[in-house]
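Below, each structure is written out as structure tokens.
Shared between the two complexes below is chain A, which has chain B as its partner in the first and chain C in the second.
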Partner chain A sequence: MFKTLFLKEIRVDFLSRRVIMGLVLCLILIPLGVYIGVRDYRVRWQAYQEAVRLYQDDHKTVQDILYKGGGKGFRPPSPFVFLSQGLDIVLPNVAESPSTPQQKPPVDLRLNNNQGSENLYASFHGPLDLAFMVSVIMTFLAVVFTFSGVSGEKEQGTLRQILGNSVPRPTIILAKAAAQGVMLIGAFLAAAILSFIVLAVHGYALFGPGGIFAETALALVLSILAIGAFINLGLLVSALTRQAVLAFIILLLCWVFLFGVFPRLSVVIAQLASPVKSQQLVLQEKNRLRLENEKARAAEIEKIAESDSNTQEKQDEITAQYRAKLTEAFRVLDRDQTNRQNAQTQLAVNISRLSPVSCYIRPMAEIARTGLMQLELYRQDIGRFGAALDDKVYGQYKEFRQKSGINVGFKGDGSAPAPVFQPNRIRTQDIVKNVLPDAVLLFAFSLLFFSGAYVAFIRYDVR
Partner chain B sequence: MSDQLPILKADDLSKRYEDGVLALDHFNLSVPAGEVYCLLGANGAGKTTTINLFLNFIPPTTGTCYIRGIDVTKDPLEAKKHVAFVSENVMLYGNFTARQNLEFFAKLGGKTALTKEACYQVMRRVSLQEKAFEQRVKTFSKGMRQKLGISIAIIKDAPAILLDEPTSGLDPKAAEEFLEILHELRGEGRAILMSTHDIFRAKEIGDRVGIMKEGRLVLERTRDELRTEDLVKIYIDYMKSEPLIA
Partner chain C sequence: MFKTIVAKELQENIRDFRFVIAAFLCMIIIPLGFFINAKEYQTKEQYDRDAVRIYEDSHKRVIDVMRLGAAAFRPSSPLSLMSRGIEPLLPTSVETVGYITNWGAQTQFVNTRGLDNPLSFLYGRIDLSFIVAAIMSLLAMLFTYNAVAGEKEKRTLSQVLSNAVPRNTVILAKMAAGSLLVGVVFILGILLGLSVLFLMGHVILSDAGLFGRFLIGVAVSLLYILVFLSFGLLISTLNKSSLSAIVGLMVCWVFLFLILPRASVIAAKILQPVKSQQVIDIEKNQVRIQTQREEDQEVRQLQKTMPGVKDMDFRTFFSSLRNGDENAKAYEKKQNEIHDQYRAKLDAELNQIDALYENERRIQAEIARNISRLSPVSCFVHIMAELSNTGFAEYKAWQETGSRFTQILDREIADKFSVLRFGGMATSSGGNLDRTAPAPKIEYKPVRFHEVASIAWPDLCVLFIFGIIFFSGSYVAFLRYDVR
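Entry: the complex of A and B
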């Protein structure tokens, strides 16, 4: 019985114009999106390599950093940008120390984003990556495929004809869900295979070192769960309505709300519930601390300079103490700011998880290494780079105050190799751990929607 | 009325909808094998509700429907194995051909190993044009769809057939052909319950005719009784009479 109903659903769908158009759309757009993503990555990768090469050629020693515009740490682009561009375009791609040599540690690295887009107009509408394809095209297709699943058959009268036979209702709804799933997910997987061909042509390997299997497999699983959630949502709404048009309108509203409104609202709610100081305020606070610290240090050194116990070692010791104090104060300020930002972001993430679309989009960015984890990792990398600059470059400036005046000089090894920024890569297991709650939630959404559709269909008035 | 055990039986059946409307009020009926029972009545008299109750599309408020002695509410799947259904507007899958529709519903009815020729034979039996067998149903007229609907009912080979205003909207020729098929099915021993507005055809085909008003069976006549009585006059008199429930 299940097989008969399942095959009927497939045949009816295959003969339907809207479904054929949807499938063709999916088969064209997904590989096209992947191709565009890969092309974009290649352009950025070349730009990154060129920037690193030029910088390293010019900044071989500590002295180069001091007198040739400061140190720089470049963030490499993610090869998985075809999965999701995520925050990639807004994340800083270079951290720079100030160009004036006599910086007092801890150095404030400025985070810049100089990734220009070939066509600014693209920024209005966002990228054509897999996350967009699934969250917009595939979820919309799921709505188009399923809105008439129950209510359409009721209106058409075929549901009465079916239920006039000895057919268990659970079998009917199961067959509908399975057939819609197979159709849509089948089309998606076919598009994914075409996309793999595009990737292979562009030199991506599935397995081995640098292989993309783990990331793409994760992305596919997450995509399938998101598509499944919308298929079951479509069936639920269809089983709750008696007219296909009404089901379609309700589903469209749900889709707009879940995709466009709710994730944005969650950010606003998080901002209201957990406010964060602006970056400008934090910088002002840092400047204030630096001035106060400097004033106190200068006063203490002044005292010593006038005394008999004035030695370079003593002044260095005092300077080191004040630097340590300032470093600690900055660390506390930064930690506090980061904690507040993280709390607000996490709150927004958690609120937005009430929408299956949000449970899909952010994790896809994490899988593509263009998400919040990447930002956090980049911050850590920059922290290490800043510490290295302090240690080998800016911390080597010594000043000696005498009654006659201040004697400032670089006491380090200017010919020593310049500290190099070492970007780290997020481990796949960390990504899995991060996206697992969202995957579970997507599965729970699917299950919840299907359970709702099941119960609604069992009670469905077929008259 | 026949002495045989009824294939279709409604026992003190009542249905009150959620909005409070009493659609069926202590309704009793039995249709034995080889009999055509016609239910006449105005819109809202309870004819379709009766059929919906037999098909377990809605639960009864009180009373029981039996198909071949099986309580429809308690064991709907078993009961529906013994009944075929043709609705007022036979709605099938428009993108499927007549044969594909027939095959699909035959499989639902338990006929899993049907040959193409067996499908064709049934469609020939209901006088569906040969060229329509492999045509998509969306191009069919109402008469052709009704014929296909009855062929679906025939192929199920069920002892009971429920027909919900099957001749409504059919041209006279198509309606006549439809009745001929019903004659044949009665001859094969099927119990047929048909709801209709069509007094003339009810008189022509019905072994018994029941008139429903406001959910009650207000009158029942056998074919023999109707030879001497004017069904049209009886029906119109009942329709004009005072409401049963003030």
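Entry: the complex of A and C
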């Protein structure tokens, strides 16, 4: 009986104009989005390589860093940008040390985002990546596929005819969910296969070193869970209403709320509940700390310079003490800012998890390495690069103050190779760990909506 | 007759659950959006002021700027509650790179705002532009999707038309009633939002210019809502069932709101590829280093060949200069001439790189903008962003501010001292540079209304045309509608 009902649903879907239109849309848009993402990545990768090459040609030695505009650490673009552009446009793509040679450690690398100006127009409307396709188009199609699943059949009077036979109600609702799932997820997987062909043509390998299997498999699983949640939501609303139009309007409002309103509200609630200083203010506070520290250090050294026990060692010792003090002050400031920001982000993420759309969008950004994990990792990499610059470049500037004046000089090896920025890659197991709660929540949403639809259908009045 | 049909439509719609939904959404979301954005602006403005204060405390004199570098900050827009536009990508400040030398001040735009709240970029914001573009357009379509097709299904349309009622009166009355209802609900939401702003003491209520722009934004929003009401009516008159009308409308909405604007950006990128800013910055740095190297070689050559100084060592040279030796003075003059010549060459080359790059980028943005104008949603969000000072006019204005800031630093500092090099040694002479003078500053000038109007008027015209086309379409379709 289940098979008969399932096949009937599939046949009805195939005869429906809106379903065919949806499937065609899905088969065209998803591979197109992937193609555009891959193309965009290639352009960005070339720009990144060119920037790194030009920089490294100019900055071979320590001396070059001192006199040719400072050290730079470029963030490579993510090859998975076709999965989700996430925060890519606003993430810093370069960290720069000040280009003044006598910069005193700890060097404060400025995270800058100069790719924003290239994407002004793109940021206006957003990307056309897989995360968008699934969170907007596929979920919308799920609504279009299912809104008339129960209430539509009731209006047409076919539901009464079916139930007039000895067909258990659970079998009907299961067959409807399975048929819509197979149709939509089948179309999505067909589009995914087309997308894989696009990726293969552009030189992406599925397995082996640099293979994209793990990330794309994770993205597909999450996408299927998100589509499943909306199919079940559609069935639930359809089973709770008596008219197809009413079901569609309610679903539409739910969709707007879950996609457009709730995730945005979560960010705002977190902002109000746990405010965080702006990055610009933190930078200015650091500058002030640096100036105060330098003033105090200079005063203490000046006192010694006038005494007879003035030696380079003694001055170096004082300088080291002040550097340690400044490093500690920066560390406290950074830690405080990071803790506040993490608290705010965590709060926003947790609130937003009440919407299945948020449970999908943020993890997709993490899988594509364009999310918050990427920002955190880049900050850590930059911290290491800054320490190397302090050690080999800026920390080698020694000054010796005497009554007659100051003698400043670079005491390190100017011809030594310049420290090079080494970007790290987020490990796949870390991503899995990060996105697992969202995947479980998506599954729970799906289960909850289906259970709701099941119960509502069992109690449904078909008259 | 017109009045009777309008009254009938109003009564029907007010009793309908859609009206309750629309009223509820407008009364809740608009004031909530205003509250959230006003609160966010107040916090940001406080942080901006703190950052400027800390900067100004440590940059009081010219010598501070020479030692620590200079910066000019772009404040957040108080009208960002209307539209966030491209604000996360607009520079937060323009800052000098390295020391200001006799080669001039080298400045670059800095953007730290993206890191302040990355999740808000991921999920988007609830500003008036989003509320109107997404939610109000949906509500407008919900009010009209069954205006014709629904009445046909219920067979009330044939009854109405069996009386001596001209068809154009019916369609005009339907449009008028829909517009009145959605417009009133929207205006009520706006009034509630303004009350929230009043209680919070928001700056737009005390500044006539800002409030004027806000009112224009509300008027444009009403025009946009009318466009979608007409669109709903058009699709309703083109369909025989209200179900197919609403499904068709939603598919069109997804296409107009979500797909076409994004596709326009992609098409522009394919048609007009542009180099990345990173590469441009590095190219400019290379030109700078190369020009300075060339100048250095010419100065060395001058030192080796100039009679009277070629045999001097650096001690003799600087002491002769102090003693007023004519040859040393002539060498200094010649060196300054060479420097001026190379600096002019460098400025010209850098300006050329910038101009070429800006031109390519402008063409790309124009292509994207023109394609996206095929959707009324894009036209609307463009206008709202420009009115809110978070659009492309603001970006252009800030670029000009950056150039003016560089010119001020050049005029006040870089042009007032020279560097004299001889035998591997260099001395800088301050000339008429007063190191204790107040540090140069630049005042931020927000984009003026006529600049906004000059960039946004095509979008307004297109939006207006969309309204006319959709309504004319529904009018004609209704005149030919088969009510059987």
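Brief remarks on what is shown
The rule is short, and it goes like this: the second predicted complex is superposed on the first by the 457 of 463 C-alpha atoms of A that agree within 3 Å, B and C clash if a C-alpha of one lies under 4 Å from a C-alpha of the other, contacts with A are read in each partner's own complex, and residues count from 1 in each chain.
Keep in mind that, in the parts below, a contact is a pair of C-beta atoms (placed from the backbone, for glycine too) under 8 Å apart; a residue touches a chain by one contact, two chains touch by 3 or more.
Keep in mind the model is a prediction, meaning the values are calculated, not measured.
In the model built by aligning both structures on chain A, chain B fits alongside chain C without clashing.
Applying the stated contact rule after C-alpha superposition, one finds that A:Asn424 touches neither chain B nor chain C. Looking at the shared chain after the overlay, A:Gln380 reaches neither chain B nor chain C.
When the two structures are aligned on the shared chain, A:Phe140 is found in touch with chain C, with no touch to chain B.
Judged by the touch definition given at the top, the superposed model places A:Ser451 against neither chain B nor chain C.
Applying the stated contact rule after C-alpha superposition, one finds that A:Thr338 touches neither chain B nor chain C. Once the two complexes are overlaid on the shared chain, A:Val261 sits against chain C while remaining clear of chain B. Using the contact criterion defined above for the overlaid structures, shared-chain residue A:Gln346 touches neither chain B nor chain C, since it reaches no partner. Taking the C-alpha centre of chain A as the vertex, the lines to the centres of chain B and chain C open to an angle of 100 degrees, rounded to the nearest 10.
Once the two structures are overlaid, the count of chain A residues touched is higher for C than for its counterpart among chain B and chain C. Contact with chain B, but none with chain C, is seen for A:Thr4 once the two complexes are overlaid on the shared chain.
When the two structures are aligned on the shared chain, A:Ser415 is found in touch with neither chain B nor chain C. With chain A used as the common frame, chain B approaches chain C to a shortest CA-CA distance of 15 Å.
Taken together, the two structures place no residue of chain A in contact with chain B in one case and with chain C in the other. Residues 1, 4-5, 8, 11-12, 15-16, 156-158, 160-168, 461-463 of chain A are the ones touching chain B in the complex.
Those residues of chain B that touch chain A in the shared complex are 48, 52, 55, 57-58, 76-78, 80-81, 83-85, 87, 89-93, 95-96, 100, 104-105, 107-110, 152, 156, 162. Interface residues of chain C facing chain A in the complex, by the touch rule stated above, are 18, 21, 29, 32, 36, 39-40, 43-44, 47-48, 50-51, 54-55, 57-58, 68-69, 73, 85-86, 88-93, 97-99, 108-126, 130, 134-135, 138, 142, 146, 242-243, 246-247, 250-251, 254, 258-259, 261-266, 268-270, 273-279, 281-283, 285-286, 289, 361, 364-365, 368-369, 372, 378, 381-382, 385, 392, 395.
Contacts from chain A toward chain C in the complex involve residues 18, 21, 29, 36, 39-40, 43-44, 47-48, 50-51, 54-55, 58, 68-70, 74, 86-87, 89-94, 98-100, 110-128, 132, 136-137, 140, 144, 148, 244-245, 248-249, 252-253, 256, 260-261, 263-268, 270-272, 275-281, 283-285, 287-288, 291, 344-345, 348-349, 352, 358, 361-362, 365, 371-372, 375.
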